[in-house]
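The same chain A turns up in both complexes below, where it pairs with chain B and then with chain C.
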Partner chain A sequence: MSKRLRRDRTGSFALYEVVLSAIVLTVLGCFTVRMLISAKNTNAKAYDLYKGLSEAISAVEIVKSLPHPDGLAETDFGPGYEVLAIGSAINVTGRFDEKWNPMDSDRPEEEVCYYVRVKVGPSVEPDGFTEGSPMLYRIDVEVTRVAPYVLEKHGGYQVFSLEATKCFTSFAK
Partner chain B sequence: MRNGYLGRFTGGGSSVLVVFLMLLLVTLGVLALSSTTNNLNMVTRGADWVRGYYALESLGEYLLELVSHCLSQGGTEPDPLAWEPSFSNVSLARHIDGILREFLDESNADDKDDIFIQSLLVEEMGSSKALITVDICQELESSRRHLSIRMEAGYPSIDRLSEGVIEVFEWKQYQDPFEYESSLDLWK
Partner chain C sequence: MTKRRSMSFVALMDILVLFLFSVVSIGVGISAVKGFQRIEEDRSDISELAVAMSYLHTRIRQNDRLGAVSVRPSPMGESSALVISEQIDQVEYETWIYWHQGTLLESFIQAGDKRIEEVSSPIAEIDGFEIFCHGSSGLKIRIWCDSHMGTRDLDFEVNLRSSSR
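Right after this comes the complex of A and B.
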């Protein structure tokens, strides 16, 4: 009887062995899942940076191509963008959903995942008569993601920011 | 005997399979993570390159603004930088040269800046025109990037000071060519 038992024990795991292996596999599994999610987030960040970079460059080049920033219009930027003039500065805001599709103004604000904010204004606040005189404008672009990435608690992640300047002068040909 | 052996083997087989799957998952996870991290690093380097490009452009735009101020005439408040031929016997070229060199001295005082004006040449093209050649340089990790600007600023004639024109002949960015290190010992 005892011989048979001994022989059987050699062919199977004890309970504690099974439990231990289950724990090890669970820990390893959690670690692997965490790693895969981290890879997914890093990939999403790389893609966001690429898209944000493209949008920022487009915005800067659009502003630089104009004879004067006062002539900025929503049609210059395409769908998803709004232009608002506040004093001598001009604010342009682009709204995109989670797949970087431009969002119309009639869609709810909760669906916005990315903002592209462009601020165009004189580098030095003008005093007195400025019409026709050369002026240096700052173009600040900031791309932010509102929604947090997977398993991250906080949103408001800055994807990319860019500073550029442009001299608007009537003399340059 | 044979059946008993097979039974034992079957029992461990599933465990081996689970362990194998686990190893496979971990390996794939590590590969995915390293691949995406490298991808992010590459895009980040691209983003830094773009920031540097526009920083270099900014200094060029600032110089263009300075030259434009030298040409601006009229208005309710005259520009303090504007050239007035009646006040002094300084030609437009010398006036622009003075303004730009003043800025050059100011910008060179800040040694920490990685963007600086490497060369500046203002040539006289008659009494009312100047040919400006500037080379702005940016220090990068391994090489230098340049913005080369060549422009002509002036008036059609001395009595037509309201018709100032800046004609940009060249505005280009380029990078110093890479030099391979010949002294590198591959077998070390």
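Right after this comes the complex of A and C.
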């Protein structure tokens, strides 16, 4: 029996050896691909963080450079941004695709991958507010990714958020 | 005779299976190494961009004084440079921040001195730097890195409180 086994081993690879090798190789391959995707996602998140940070900084700088937030216009922000006034608050929404290219309003909402939402409003609701009097405004910026990263199930990932304030007066820059 | 031919065929198949297994293993290994190298390069690019953005933003904000920040043609003739002027003991000095051959450089010299390149020190390794004036007091900055994964870029705007450039 022992002799026969030895003779068989010198003959060729058994089927189970080939199958086992293939399985080991497949498992190693899958593991490597998984590691690669995970590393790529980490890089994508890092890049999104800095990209979101740069968009948020620019948005805050734009709002702060104006004499009053009521003067905010889409031309201040560039392509991809929409400005909407709701009561005393002003909402600015920037839409970007997967490669952070600004998206026009005529492109479908499904193609949007990143939202930059800026909310500018008085920190305290105006009570007897008079034109020209100083008023403290809150500037909230939130950058979100709608589409999930590769092999991740859930979207709606918050990339970055920032809160700032500015007192708008006729003499403070 | 038939048995010997069958034996040699089996041996050939064995060699083929071994060869195939080796090729696939080496292929998977090389692909993984290359993939990780590219990812590492991308990570390094993102890190360099973050350093450059943070540095530029801080330098501008630190020197936001009347007439201190200006945009001038780069001393290397490529794009523009950010120039920060300051007075130390009644002597005017300039800090030139510009891009040359894949590096963002900083040079601190006395105003009017032409040896900008000689006294430069590297800040970050990036593939491009653009700066231009926007509106009455805004500076728009774009920095980028090119790699196998595509172009990584950061755009940001800084508005000077002192409205003089």
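Heads up, the rule we're going with is that the second predicted complex is superposed on the first by the 160 of 173 C-alpha atoms of A that agree within 3 Å, B and C clash if a C-alpha of one lies under 4 Å from a C-alpha of the other, contacts with A are read in each partner's own complex, and residues count from 1 in each chain.
Keep this in mind: a contact is a pair of C-beta atoms (placed from the backbone, for glycine too) under 8 Å apart; a residue touches a chain by one contact, two chains touch by 3 or more.
Keep in mind that what you see is a predicted model, and the values were worked out from it rather than measured.
When both complexes are overlaid on chain A, chain B and chain C end up clashing with each other.
By the touch criterion defined above, A:Val19 reaches neither chain B nor chain C.
When the two structures are aligned on the shared chain, A:Leu84 is found in touch with neither chain B nor chain C. In the superposition on chain A, contact of A:Ala46 is made with both chain B and chain C.
Chain A is touched at more residues by one of its partners, and among chain B and chain C that partner is B.
Once the two complexes are laid over each other on the shared chain, residue contacts for A:Glu163 go to chain B alone; chain C is not touched. In the superposition on chain A, A:Leu36 contacts both chain B and chain C.
Legend: residue contacts after superposition of the two complexes on their common chain; A:Ala73 is shown touching neither chain B nor chain C. In the superposition on chain A, contact of A:Leu136 is made with chain B only, not with chain C.
Within the superposed three-chain model, A:Glu61 lies in touch with chain C and out of touch with chain B [touch as defined at top]. Superposing the two complexes on chain A places one of the chain B stretches 22-30, 40-48 or 148-156 into chain C: stretch 22-30. Chain A uses residues 11-13, 21, 25, 28-29, 32, 35-36, 39-40, 42-43, 46, 50, 53, 57, 173 to touch chain B in one structure and chain C in the other. Note for the complex: chain C touches chain A at residues 7, 10-11, 13-14, 17, 21, 24-25, 28, 31-32, 35-36, 39, 42-43, 46-47, 49-50, 53, 57, 135, 137-138, 149-150, 152, 154-159, 161, 163.
Against chain A, the residues of chain B that register as touching in their complex are 4, 7-8, 11, 15, 18-19, 22, 25-26, 28-30, 32-33, 35-37, 39-40, 42-44, 46-47, 50-51, 54-55, 57-58, 61-62, 64-65, 68-69, 71-72, 75-77, 79, 153, 164-168. The touching residues of chain A, when paired with chain C in their complex, are 11-13, 18, 21, 25, 28-29, 32, 35-36, 39-40, 42-43, 46-47, 50-51, 53-55, 57-58, 61-62, 64-65, 99, 173. Against chain B, the residues of chain A that register as touching in their complex are 10-13, 21, 25, 28-29, 31-32, 35-36, 38-40, 42-43, 45-46, 49-50, 53, 56-57, 60, 128-129, 132-136, 160, 162-167, 169, 171-173.
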